[in-house]
């Protein structure tokens, strides 16, 4: 590996386009866009069948991961209801949704996806939370020539290896590697003095990936940091006391954890009572991402609280980005809770598809073939509640600027939320490998293209 | 000539002497009865010899081969077989299979995995032959579990007999059946056994049966041998009489 | 040093909960000869019921200190559930083990979904209970007082159960029945009653485990399955049907687990199963098992 | 002689019935949808697994709660063969995978058959879970929770390859017949085994261990060999399953999957030869449609299982044959 050059950290972070701002301000890449909900501009061309447009939404309805699955489903349903209220796609084809439980297991999910396509005759497959499932289902979707837009299941592995040349598969949320890198940048930006790092991560690909990319990026941003403790609790662990004590025994400056969902709730409640938060800084990837209302008021303030580097409902806030304000209002009205990044992702999925269908219809008239719709999805830019979303044509991956904030207890919410004045945004293009970058197995054997890209191109920060 | 010999064979359960330095010999070709009140140690002795129990001390010699601690299957191969007092069959298998299995085992064919059991004509012939000797031929296709008690007793013996042992222990072959069946069973068993020139040791309570069929009778009491002789000699033995009458021993 | 103490306390804390679950499993097997695959789910029910009750109570403005009383209530609820379910198992007492395993396995599947039906997917927490008690200082570190209570309850449960089984008339009935069902009924014992109460006690233990742990953690879907497997490991090591076995097994498992987390995180889980397998090899009935 | 007649006739009927079923299965794909074909393929594979499992439960009287281990071993050896040796031929998968599965079963079996009843069950469970945790933990070898992908193999020594236009459709249809053939062979082999002297001996051991010992049978050895064969069959199922599923994950090693194998066997009935076959196919459909029908599919399966054990302890085939027997009884009064 070529020796990294040295640059000043402030310059470095500047070059990465890191901005720390209030939720009232537009973050990087935000451009005030048209209202989200509005009747289609041009009237549809040609004859449109009024047969329903069948979508299959697979997500976690059972198991601990249901805390992520339900928001995803709710976002999908809300978008479908709104679109159907206007008569459906192209004003004609109402959206019908059949669901399946992702918790049935990867192998059962493969079966179920085939059933949805071959028997359920779905036009679109969407949903999916687990990064263990997209690499399994992506190839199947290609196999079935089934238009598929994954909401999450964010592993780089999907488009790096499992489906290197996607035709039918897309994914809307930021990739996994962005999580680790975002937390690393957030850490370097906020606590440049930390050196001793402890890790507690769920023992599966997500935790492994987060740890690896965080460490890689931090080495460059804060040279001389060392890993002083590691724990790999099984996903679904609820007793973290020994992991917490182990981490504390190494007296680190910072604890970095990718634990999420019910596990995270159990974790922070125990960590709180073990005085962990008084002893060290804490950075997370998904702390507040899971479901805003799942995190209690007792959650400590000032934790670098990740949201899967995607979206938190208070950002962009105020009237600066009405798209989000109105989305959150409608969502809260519909479900009596606040959306998370899954809700936003599955909501935007249907609207981007809607836009692609409308464009395709303008091009070819009538109901467009999937091929035409896909051509419109590729390279599409879109103003979403979370900001500007762009689908890269080469790997069908949706990109939006990465965001991460700091936990704070505000009077206006019954749960811990983001500090409105301290939100970190990073232009996504600066923390992911560029389109041309070789994928794993093409001249390098790093776990992801991003990892290789960081190792080869990132300088070492000084000062 | 001596077929089986035990030397000071002993077995204790707690402080109960099931077998107390028993020196037991069986001669080739005889039909021997082992008698004595319950708990006299008859079944324990058979269990020790057949390998169902491990002795505390002493030796078991069969045709001058030491089988004291030999595993059960070696004793079977050496030629010792037994039936059981409480019928011990393969209830979910057909009567035919119950007997056939003994033959397969004896012929070392039981390990055959790629051949249909019913296609082995030799075994089939012999099995049916054994069954007809025991008067069970008609039942061969019935599940062993579906037989009447008397038939089950016979089949239990037949299964042991089909091993073609040199020495066959029959543990109360007539227990739990009506008097009429008793004679019928014993007639069958003794005739088959004698016809097959198999040495047999029968544990039996019914003295009429014992006196009628045995060449020699051995009497056990509290783990020891009390008397050993021809039916006539035993009949004459006072101790035996007392025991059988349940009276205390004079000696 | 203080780290060591705290890790030991952590292990004891974990052990007392494991013991409550495993002892119940063992008791049920010892008396009824049934390996209850749904046992872990009873533990989960205890957690959910308690968390839910505490949540309601706090919402109704009940002072946190009083919510302590809800812990036995939660456990009791599970005992009642046990009483309700036991008749379902009666037809299987004389049937082959595979049937008992499968019917309880079916029960597990059902209860797991019923929990979700009642309480949904979000984790429930009951930490107000925990915060009633202050934390204790160890050198530079602190340890929640409540966890010491959990340890105490574990110890109390062990002693209590021991006393019931070896020092009371009912205990004699229990042991008699576990020795020989027929003999017991021949002696005029009401075996049916013994079974119900044994099952209820077993469920109560599991429920108590869930009830005391939930304030320190959260009630989440699937917690029962993990608990079941660990309880299995415990009883396999200690010996199915043995109380001492459950105790020693729980201690071994939790200390090994802690050591695993501290020193060799990679094979933390595998080690537990290996221990279980090894014990079964050298002593199939477990360290204290009979039968 | 009587015996011969009474035994020969039902056997002839059996062969006739089997032939008919086989022909029907062979004709089916031309009448059912592609999806049904692949689901049926899953079913046949499950049937092979259950068939092997039942040699242990039904014929030897040992309840294994760890057969997921052998299914998983089969599946993962294929995945490794593809990833590390670049092998794509289904035949090679089977030729190399089977010995691996056999060795694992031999090892596990050697340890497990020292015990019976519940201890046997728990020991198999514990050992299979060791395998599960290792697969789960050593993710850089096994892909951890992500599992390993397996592309479509070539069939019949490369004569059939599946790439390009509607490869998937062609693969499913081709693979169905491939699996059907293997399935038929497995059924014949297993049928011979259980009707061989060895098979009879196993049943004898199941019915009455003591007496079996007094026929001179070396009980533990027989159990061991039975375990080995059983595990190998289930391993073969795992081998056949991966290419169809496209990947393998630690889930197939996790104990609930062992539970599913037991479930399907009881569903069909473990006292009949055909029980596990019927059970395997039925269970595949049952679970697939339960998952599709409701998010409370677990509850559904649970209820089915409980009702099954309560009302049809001998399984579906067992119940049918019982009723059939009753009817026959009515026809000719004894």
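We call the chains A, B, C and D, going by the order they appear; numbering starts again at 1 in every chain.
Keep this in mind: a contact is a pair of C-beta atoms (placed from the backbone, for glycine too) under 8 Å apart; a residue touches a chain by one contact, two chains touch by 3 or more.
The structure displayed is predicted, hence computed values, not measured ones.
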Shared chain contacts [subunit B and subunit D, defined touch]: none
Shared interface partners, meaning chains that touch subunit B and subunit C: D
Between subunit B and subunit A, distance of the C-alpha-averaged centres to the nearest whole Å: 79
Rounded Å distance, subunit C centre to subunit D centre (Cα mean): 34
Distance between chain centroids, defined by C-alpha means - subunit A, subunit D (Å): 40
Subunit A residues counted as touching two or more neighbouring chains: 61-62, 234
Overlap residues in subunit C, where contacts from two or more other chains coincide: 113, 116, 266, 269
Complete list of chain pairs which touch one another: A-C, A-D, B-D, C-D
Contact set on subunit D toward subunit A in their complex: 33-35, 38-39, 42, 136-137, 139, 144-147, 149, 167-168, 245-249, 251-252, 287-288, 291-292, 295, 297-298
Complex contact set, residues of subunit A against subunit D: 61-62, 99-101, 104-108, 110-112, 114-116, 118-120, 131-132, 135-136, 139-140, 143-144, 155, 157, 162, 203-205, 208, 234-235
Residue ranges of subunit C in contact with subunit D within the complex: 35, 88, 91-92, 95, 97-99, 101-103, 105-110, 112-114, 116-117, 225, 229, 232-233, 236, 240, 266-267, 269-270, 273-274, 276-277, 280-281, 284-285
Complex contact set, residues of subunit A against subunit C: 60-64, 66-67, 69-70, 230-234, 236-239, 241-243, 245-246, 248-249, 261-263, 265-266, 269-270, 273-275, 291, 293-294, 296, 298
Of all residues in subunit C, those that touch subunit A in their complex: 3, 6-7, 10-11, 13-14, 113, 116, 120-123, 125, 127, 130-131, 135, 141-144, 146-147, 213, 216-218, 220-223, 226, 257-258, 261-262, 265-266, 268-269
